[in-house]
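What follows is chain A paired twice: with chain B in the first complex and chain C in the second.
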Partner chain A sequence: MAAADTPSASLRHHDLCSRGIRLARKMRSDVTDLLDIYVEQQGLDASISVAAVEGVPAAAAERWAEQTGTQRLLDNLAAYRAFRVLLAQMLEEQREQLGDANGELGPALAAVLLQVSAFAYHLEELLELESRRTPAEEGSEPPAPPRLSLFEQKLRGLGVLRELAQWAVRSVRDLRQLAKHGPGSSAALGLADSQ
Partner chain B sequence: PQNLKCVTHNLRKMVCTWEISSKRRHGQTEFCYNTNDLPPLCFKTKEKRVEIPVPESFTTVKITTYSISGAALATRHFEIHKKDISFVPLAPHILSLTPDLSTSTLTLKWSDNGSTFPYGLDASWEIEILRKEPMENVTHESYNSKLTHEDIVHSWNWKSDMPLECTSHYVRIRQYVNVTQFDGHKVWSDWSPLEVVPGKDTEPHGSGLFPQDTVVAVGSNVTFCCVHEEGRQVQRMSYGAKDYPLIRLSSRSSAIRVLNASASDASGTNIVCRMSENGMDGTVLFVGYGPDIPQDLSCETSNFVIIKCTWKPGRASGLYGVRGTKYSLFESVSGKNVSCEVNEMKKERVCGFPVLADQKTYNFVLGVSNPIGQTKALLLVDLNQRVNPETPEKLTVYGNSSTSVHLRWFINGSFAEIRLLCQIEISSGHSEQKLHNVSMPGGKFSTYTAQLNTLHPYTKYQFRVRCSAADHFWRWSDWSGTEKHTTLEA
Partner chain C sequence: DSHIQYERVGADVTMKCGSMDWDAAVTWMANGTDIDDSHLNGSYLILKNVDLTQSGQYFCYEGSSWHLKYQTILRVGVPPKEPVLMCRSNNYPKGFYCSWHLPSPTYIPNTFNISVIHGTREMVCEKDVFPKNRCHIRYLQLFSTVKYKVTLTVTNALGKNSTSLTFDEFAIVKPDPPESVVAKPVPNNPRRLEVSWQNPSSWPDPESFPLKFFLRYRPLILDQWQHVELSDGTSHTITDAYAGKEYIIQVAAKDNDIGTWSDWSVAVHATPWTEEPKHLTTEVQITETTSTSTSSFMPPPTTKICDKGAGVGSGAVAVCWTAGLVLAAYGVLFI
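Let's look at the complex of A and B:
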């Protein structure tokens, strides 16, 4: 069922998209700074390679160009909900491991977590504008983090932040796609857009 | 028959062996011996060894060999003196070899077979530890004990310089018994069979970097090992940002040795093992200090509800979070124990302990511990001598007189058991600041009053008040807020 394409809905859709783009850009820059702090505070080699982190949706999407607007929003929402859980776990791990000595890392992590939560909420608003019911979050209790050694924990955190940085870039591109077309035209968006 | 040799394992019996030089095939051998002028004892044997009693001084032996058909071939006489006999204890038997992976400690248990020997013999033991492929001696340790005619189980610990997971550790033991009253030749026993604690590098899929997430004191030497699956190679191992030379332990385990480790950052120092086929494993080492003895431990109460203890932590441990230094306050008179919430980053440390009913003296033990060590500080406190009252509140000044005023204030606390001394500061524009002391019985969360006379009429005054314990002064409270009042005209 497509949303009615009234002028006010279009205006609101455009506003949400552009605000979303600004939020994603800000998040991107903050996550980049956070990555530097994280690598430095965790004593990691910035070039260290990290395997894909379980529970983190990959930003690289196959046939990205063919995705419908709703699919983009749903993918983004799933990702940022996952990041919200993962960042909260990281914050807890930092408190446990570093206590009061978490320096800049704790506050920077908390700030990005706030932004991720805000962005997820923003995506829910956009989905509602598409007259789509926002998918319920899976269960109230987030899955317990896997039992990892401290080094694995450090690498996992690095993997999460790297993927989040990628997602922030993708979200900007996704929202630009959405902004080109009004609400409710998402079903045809992918095809029209890809010819 | 020639080269007769006798060896005893228990000083009571001895095993004698000999050789037969002729190439001819022979049947049985007759062995006759007599000890201490007793009639000779003879018996036949196909072996070239017999077990006979150890003589008091000497034994004469006659050995006759026979052909298959029973004809005597050769006879030889021997005299065996005590000094010709060798005493070789039996190889010890290891009862158990138990690893404690958390402390990299091996515990060896064995029986000393003391019942074999007469009383009071000094026994020396040599314990050898081997490692690596091919096996190398790691250390030779000595241990002494007294044989007491009973079989005593001995237990001996050895802390490895590397995690036991790194590679298999082998242990064997041998014994020497110093039998002073035995003239014969005394030698070490054979080694016991090797006992082994297998390393992770022997498990089919064993792998990992060890030790895992451990804490050591600054200055420690630490060995890290990278255990990997068959077929992989360790290419390099780094501690922090620096690569270290690899030490091969086995085909599936390589190590590095870090000497005199310096303090790590709060998040620890990473040890990374890079292997072929993009393999990587890692662990984290936390290097810090044991807790310092708390300095300037002091306890006081401001309200007879909570006792507040403060101290200076001394040198920072460099360990944080779950590895941070923990403080607990134990009071031995009541047996009560309180754990203290502490902020590592703040210089001063504070801990609250409840004032207990009907207890004036408190014998505090401030316990301090972290993964590297523990220490404590003691303090005996007579609470009545450590009263630093809360700041007086709600000071009001009233009076309709030209030369006197009443002051009233409230102190949050229960001081019913002591007398209070309060000091009123009187300031006015044109005369010097005055202090007026007044003492009064303490109350329970109550209001206090005082009257000031000999003031000047029609004068603007400012008052404030502070209090302390009257009988055993410890500290003044902070000053209350200031209250203004103008006396009436005369």
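Let's look at the complex of A and C:
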């Protein structure tokens, strides 16, 4: 904890938070574009409702304002690690279905997957700065995707991307709270006056 | 206690005089005026195709004794049309409010009932004391992909109607306009205006949920606006204003990441700084008198207004040139 309190640690913390916010905003913009491409190429209605998808981390948070900085980082890291696996599965499914005729979707998916991986790494750096051990990823092999029909796969993919877009917005907010309270503030509540 | 009777515009209304027989002699009065026999069928009062002017108090008296046998309040109105409903979050992430109105009056009392569903959860919309047609909801969750469904039902004695809105958390976020917009000239800068404003007071946490701003400005004499988007800060210096022209300036706000732009703020007016013109007027008059007696005219090498000791920078150069041209023009006129 002492390391987190030094001026250089504060500067690094601030720098990591600022860069993280920029990464998250870029990611959100690209995920929004990806959603448009996905909906069009999968022949879906953009307004279709998708029920909560199993295995997809929900961005929704109760008592969000009361979370500690560490909790925010851990929740974000768990989410983006999960999205890394989910997007890789989606990319594989696209390649199996469409082969080389992947069009725009494959490259757009791959680009977002790269950003998600980079963001997860960024979160790990922030956690280390908080002098927190980065939790190990569970298992070496990702869980096998559920057996779904083609249409169910498409809907699941839509659910994944929509939830990822929400997470990108949430991450911006989480990192701002983190920046506001400084490093080593795991005991400090992320209490905004808002809630 | 008076009984209230609600009837639709255009309906035919029959009023019985309490328990009086049909053939009893009675007198009906409405709002203090006798009703003539043409509206009576025996002791029944018949009002055909009622209109709004026939709302009021109706009394029925027994013929000879003038005992009051029946009274009622007739209220003529219409069933409610589909209400207009809007929901908005101007205090994100605290919550949102919904407000409503009827597109046209019903002329009789209405009650409004609102329900808010988020997924499977029913949420409470707390009615505001003022205005009456508004209620607010506190967010229990943030960043949810599950949509909210708000249903408003309006009911009166003649019927009911309802409308629904479905939206997600981000879509309804719209701050109030920025407050305390101030625009000032910048001393010794004829093309600049300094604009400052404050976050809307209803936005609860601008540090954690910063706003970005859109500024628009134009001289009053032109219709075309100039626009500037500002991602942070609550001030901006306009550097391309037309010298001496009065400007109108407005600012709008938006959450940095979600929702829509606010309405434009109250407009403020400002005129860029200009140098005091009084010395110029005095010198021109004196020089004009002198130049009428010469056949060729040379502008004077220096005048008081071009005194470099004045220290007014580039503005002074423009004034010196202008004075020289004016003097030359007068010289030409009087040759």
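We adopt the following convention: the second predicted complex is superposed on the first by the 185 of 195 C-alpha atoms of A that agree within 3 Å, B and C clash if a C-alpha of one lies under 4 Å from a C-alpha of the other, contacts with A are read in each partner's own complex, and residues count from 1 in each chain.
Here, a contact is a pair of C-beta atoms (placed from the backbone, for glycine too) under 8 Å apart; a residue touches a chain by one contact, two chains touch by 3 or more.
No experiment lies behind these values; they were computed from the predicted model shown.
Clash-free side-by-side placement of chain B and chain C is the outcome of superposition onto chain A. Of the two partner chains, chain C is the only one that A:Q166 touches; chain B does not reach it. Once the two complexes are laid over each other on the shared chain, residue contacts for A:L98 go to chain B alone; chain C is not touched. Contacts of A:R156 after superposition: neither chain B nor chain C is touched. In the superposition on chain A, A:R81 makes contact with neither chain B nor chain C. Contact with chain C, but none with chain B, is seen for A:Q177 once the two complexes are overlaid on the shared chain.
Seen from the CA centre of chain A, the centres of chain B and chain C span an angle of about 110°, rounded to a multiple of 10.
Of the two partner chains placed by the overlay, chain B and chain C both lie in contact with A:S49. In the superposition on chain A, contact is made by A:Q41 with chain B only, not with chain C. When the two complexes are overlaid on their common chain A, residue A:H13 makes contact with neither chain B nor chain C.
After superposing the two complexes on chain A, the closest approach between C-alpha atoms of chain B and chain C comes to 12 Å. Touching of chain A by both chain B and chain C, each in its own complex, is seen for residues 49.
The touching residues of chain A, counted against chain B in their complex, run 41-45, 48-49, 95-103, 149-152, 154-155. In the complex of the two chains, the chain B residues touching chain A come out as 209, 212-213, 240-241, 265-272, 278, 280-284, 320-322, 324, 343-346.
Only residues 93-94, 139-147, 170, 204-205, 207-210, 256-258 of chain C touch chain A when the two sit together in their complex. Interface residues of chain A, counted against chain C in their complex, comprise 25, 28, 49, 58-62, 64-65, 162-163, 166-167, 169-170, 172-173, 176-177, 180, 192-195.
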